[in-house]
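Two complexes, one shared chain (chain A), two partners (chain B, chain C).
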Partner chain A sequence: MAQIALNHVSKAFNNGSIVAVNDLSLEIEDEEFLVLVGPSGCGKSTTLRMIAGLEDPTGGDISIGTTRVNNLEPRERDIAMVFQNYALYPHMNVRENIGFGLRLSTDLSDADIEERVEDVASLLEIGELLDKKPKSLSGGQQQRVALGRAIVRDPEAFLFDEPLSNLDAKLRKQMRTEISRIQEQLGVTSIYVTHDQEEAMTMGDRIAVMNDGTLQQIGEPNEVYNHPANQFVAGFIGSPSMNTVEAEAVRRDGQTVLESVTSDAFTYDLDATGDTNADLPIEVGDRVTVGVRPEDVVLRAEAAAFEGQHHTTTVDVVEPLGSDNLLYFDVGSRTWTARVSPGFEPESGTSVHFSFPRKALYIFDEEGTTVESRNLADPAEARQVTHGDGGDGVVNT
Partner chain B sequence: MSKSTASSGLPGPVRRYGPYAFLGVVAIWTLLPLFWMAISSLKIRRSMFEFPPTIFFDPTLQYYVDMFMGSNPVTPFLINSIIVALGTAVLSVSLGTVGGYGLSRLDLRGKKHLAFWIISTRMAPIVVVVIPLFYLYSYLNLLNTHLGLIIAHTTFNLPFAIWLMRSFFDEVPEALEEAARIDGATKWEAFRKVSLPLVWPGMGATAIIAIVFSWNDFIFALIFTSNATQTMPIAASQLVTQTGTLWGRVMATGVVILLPMVTFGVIVKRHLVSGLTMGAVKE
Partner chain C sequence: MPTDAYVGGEPEETDQSVLDSVPISFEMLLLLPSIATLAVLSIIPLVVMIYLSFHEVNFTPVNEVIFLGFGNYTQMAADGNFWNSWRVTLFYVAGSLGLQLGLGILIAVMLHRVSRGENLLTSIIIMPMMIAPVVVGLLWQFLLDPSFGLYTYMLNQVGLFVDQPILANSTSALVSIIIMDTWQWTPLVVLIILARVKSIPQHLYEAASVDGATGITQFRHVTLPLLKPAIAIALLLRSMDLMRYFAKVFITTGGGPSSSTKVIGLYVYERALRFFNLGYGSATGLVLLIVTILMGLMFVETIMGGAGDE
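The block that comes next holds the complex of A and B.
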């Protein structure tokens, strides 16, 4: 078991014309499960492959445990990797696939290897598949074999490159839990690459968000969700994505008001709720982006249900998810989403009213850096903070 | 029915039986001379030239007996042919595998040009290079050696062997080798234990192509060999003498040249087809 450290690691392809990874520094603690998440092409796989030794960094140092591994071959790094397409050896049966690494990298006797292969197979419940060729297995079974091949070697670290993206949604959820369980049980330091933010949120001890080859933020899932470092992270983590609108800070009647730039449909009085904004580093005239999570939007059929400021809008589409409904509507030429309780299902075209608590607000400056993030201890607080007068159609009742 | 007939523009029976009729014509075209050769090798000289040819006759194995037991037996030629064909196959497959692997995996600049250059060496007719090669060979003392002929045949097979093997390696995902290297394999072990076993059909197909070329080659063998190393096609040509052509033995020799290839072909047919198409079709 070991910690892994990346120190100002960069990787450029084609003589520097493509910078896949740019000055990345990361530390993964011993036994930690770190999820590396980001959109397609942001350099996640390249990062993982550099740790594995399949690509040479063009700059920086990588160490596993206390050893600098830059100049070590993959086989000398004592890591195991699970590939997106599993990369099972087609000419070997499951038993041989799982035992391949042990045969190459240890002096274990055939009997010992056999025993360890069987142990791992029973851990993964693939004992009855041992004599089959990969081709005759289902995707989920192949996935388990690939996992088995990684586990059996008892390596310093596991590297996963989108291992679940070829599975159907249900199996993916199931394997997600299983991988987490096994990782916890074995306590092996793991780096897990995915472009699926939900996978990142549910699996990671910490998640590292990348964009364009650059690390955006690293932190625990809740921290990244509640306090994203910038607008990119805010938009990437969370589904449906955060609602945003571009606004300008103006002074009106002695109050600081955020006013939508593209239309006058949206204004938000920062001072109205009584929370002080003394430490809010925005000044009158600043262009900012306002963000609100869909679950923090409070929607009501009646305007009277709100005590304070609220806005009126028209429902575009209602998307029932069973557990709750997603409601789409326009704000300042952007489409916003609200997550509401399943009982609230207005016809599209109906007029509705929305607001959100001051504490749910995110504000990003012109560079996209977060200047304020939501300040709710837990999402449920949103409902209590907002005007407690009940009525039908209350969010997330 | 009427609709599909209209769309193909051909009446039903033509569409149904046309392909078979065509294939039948091709088969007769190809097989008739071989059949003629085979039956002629069993006829005494006089009846060989009767017209119309007789189908029912008293067969004789005299020419075959002569060929192996009589003067100037064919056996040494046969042995030479086998040595050269196998040598060519081994060399072509080994070098083709290494070259194809390199072409498939290496991140070379101008790889496309290199690949084209390799295959372009195959475009010159053999006669063009035979004379310069002859001088080169005489200088290197390769004339009249098995090795010399093997090298000549390999040279001509190699471009194709490399291209064929390259397409096979292209089908083997690189991730397999990467997985092996992470699992503890060296680059060589990853090649040996993972990629190589997956291109067996390709190596088989390459070997067959090399053997067929070498076995049938006449011009290199004619120019580069003399008594000790001559191959079967030369044996056949030597039966055309100043005093006349020994037609019976020509026919019998033809059959002996043909027979191993036909047998071989039937045995490996399935592998050859799957081998050649596997390179072309993505799984």
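The block that comes next holds the complex of A and C.
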């Protein structure tokens, strides 16, 4: 087990014309499960491949444990990697696939190798598949074999390169739990690359969000969700994505008001809530982006349900998810989403009213840096903008 | 609770096509031209050959055909020249297959690693394949000519073949014709292997290198096993062709010196079309056909483990 450190690591392709990873510094603690997450082409896979030794960094240092590994071959780094498309050797059966690494890189006797393969197979519940060829296995089974091949070598670190993206949704959730369980059980430092923010949130001890080759934020899942460093992270983490609208701070009737830029569809009076805005670093005239999480948006059929400020809009689409409903509506030129209780299911085209608590507000400056993030001890607090017995959104239409 | 849904009526009958009145199926009709061609070019000659192999046929003014039963075959079993030709063929086929396959795999794997100008290199490498075998024979005869051949000159410079022309020594003549065929047909093996090498996913090599494999162990444990189907195809195509080898030997050595390069194809030709012993020639030709088929089946079965694997 070991810690992994990246120190100002860069990777450029085509003689520097394409920068995949730009000055990335990361430290992964011993036994930690770090998830590298970001959209396609953000450099997360390249980062992982550099740690594995499959790509050479064009700058910076990578160390595993106390060794600088820049000049070491993949086989000398004592790491194990699980690939997106499993990368099982098609001509070997499961037993040979799992034992291959041991056979090549250790002096273990055939009997010892056999014993370790059997142990790992029973840990992964693939004991009865040992004599089958990969092509006769399902995707989920193949991925278990690939995991087994990594586990059996008892390496310093596991590297996962989007291992679940070829699996169907149900299996993916199951394997997600399984990988987390095994990682905890074995206590091996792990780096897990994914483009799926849900996977990142649920699996990582910490998550590192990347975009355009640069690290945007690193932190615990809840911290990244509640206090994103910038607008990119805010939009990327969370599903459905955060609602945003571009606004300008104006002074109206002695109050600071955020007014949407593209149309007059949206104004939000910052002072109306009675909270102090003294420490809010925005001046009148500043252009900002306002963000609200879908679960913080409160929708009601009647305006009277709101005590304070609210806005009127038209429901565009309703998506029932069973546990709750997603409502889509326009604010300015943007489509917003609200997560509401399953009982509230207005027809498309119905006029509704929405608001959100001051504490749920995110504000990003013109560069996209977070100026303020939501400050809800308990997300259910959001409901408190309404009258006490609003029936929690259940409305007769 | 299932309920009865309205499913509508049957579609109306369409008009009968003219084709429906033809006594054979439409598919057979489409196959007829190819069947006819195959019959004329392949099936009829084969039947005639089998018929001839049981007879003694002489090209005389009276065109005699005498039934011999298995006479030709018993004669063959006792024919030292026949067995000699098979011995030569065995050396020749084994030598050529080994060289062509070994070189073919080596060149294909190297070619795959070339990052710049791969297409140009491939085009250059496959050029010998485009030359007619007779021309290849003439070309090599020219290169090995005892008085003005370039290769003879070069070998003479290092003291080899000073006393004797290359094609006049039984060992060097056999080696020469093996090299000629290898020169011409290794490119085919390269193409077959290269196509397969390119289809091996890169992530297998990455997985192997993380698992601890070096370049050589990767080749041994990943590349080579995955090349097996392609190797079987190359073996199959080349062995069938090599069994029928004729043109280059006919042009360069004519089977000599003293039958040392008289491969079975040349032997069959001589019996049938030089000595005009059509019956005996057909019998030897039939044996050649059966041996070729058996060998092909063996390659498919042992290497591919039956057709369609992987």
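Rule of thumb we're sticking to: the second predicted complex is superposed on the first by the 385 of 397 C-alpha atoms of A that agree within 3 Å, B and C clash if a C-alpha of one lies under 4 Å from a C-alpha of the other, contacts with A are read in each partner's own complex, and residues count from 1 in each chain.
Convention: contacts are C-beta pairs under 8 Å (C-beta built on N, C-alpha and C of every residue); 3 or more make two chains touch, one makes a residue touch a chain.
Because the structure is a prediction, the values reported are computed rather than measured.
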item: Clash-or-fit label for the pair chain B, chain C on chain A; value: clash
item: Touched partner set for A:N85, first chain B, second chain C, both or neither; value: both
item: Chain B versus chain C as contact partner of A:G101, first or second or both or neither; value: both
item: Touching partner for A:L54 - first (chain B), second (chain C), both, neither; value: both
item: Which superposed partner A:L321 touches (first chain B, second chain C, both, neither); value: neither
item: On chain A, positions contacted by chain B and by chain C; value: 52-54, 73-75, 79-81, 83, 85, 87, 89-91, 100-101, 104-105, 149, 153
item: Of chain A, residues touching chain C in the complex; value: 52-54, 73-75, 79-81, 83, 85, 87-92, 100-101, 104-105, 135, 149, 153
item: Residues of chain B touching chain A in the complex; value: 173, 175-176, 178-186, 189, 193-194, 197-198
item: Footprint of chain B on chain A - complex, ascending; value: 52-54, 73-75, 77, 79-81, 83, 85, 87, 89-91, 100-101, 104-105, 149, 153
item: Residues on chain C engaged by chain A in the complex (per definition of touch); value: 201, 203-204, 206-214, 217, 221-222, 225-226, 228, 310
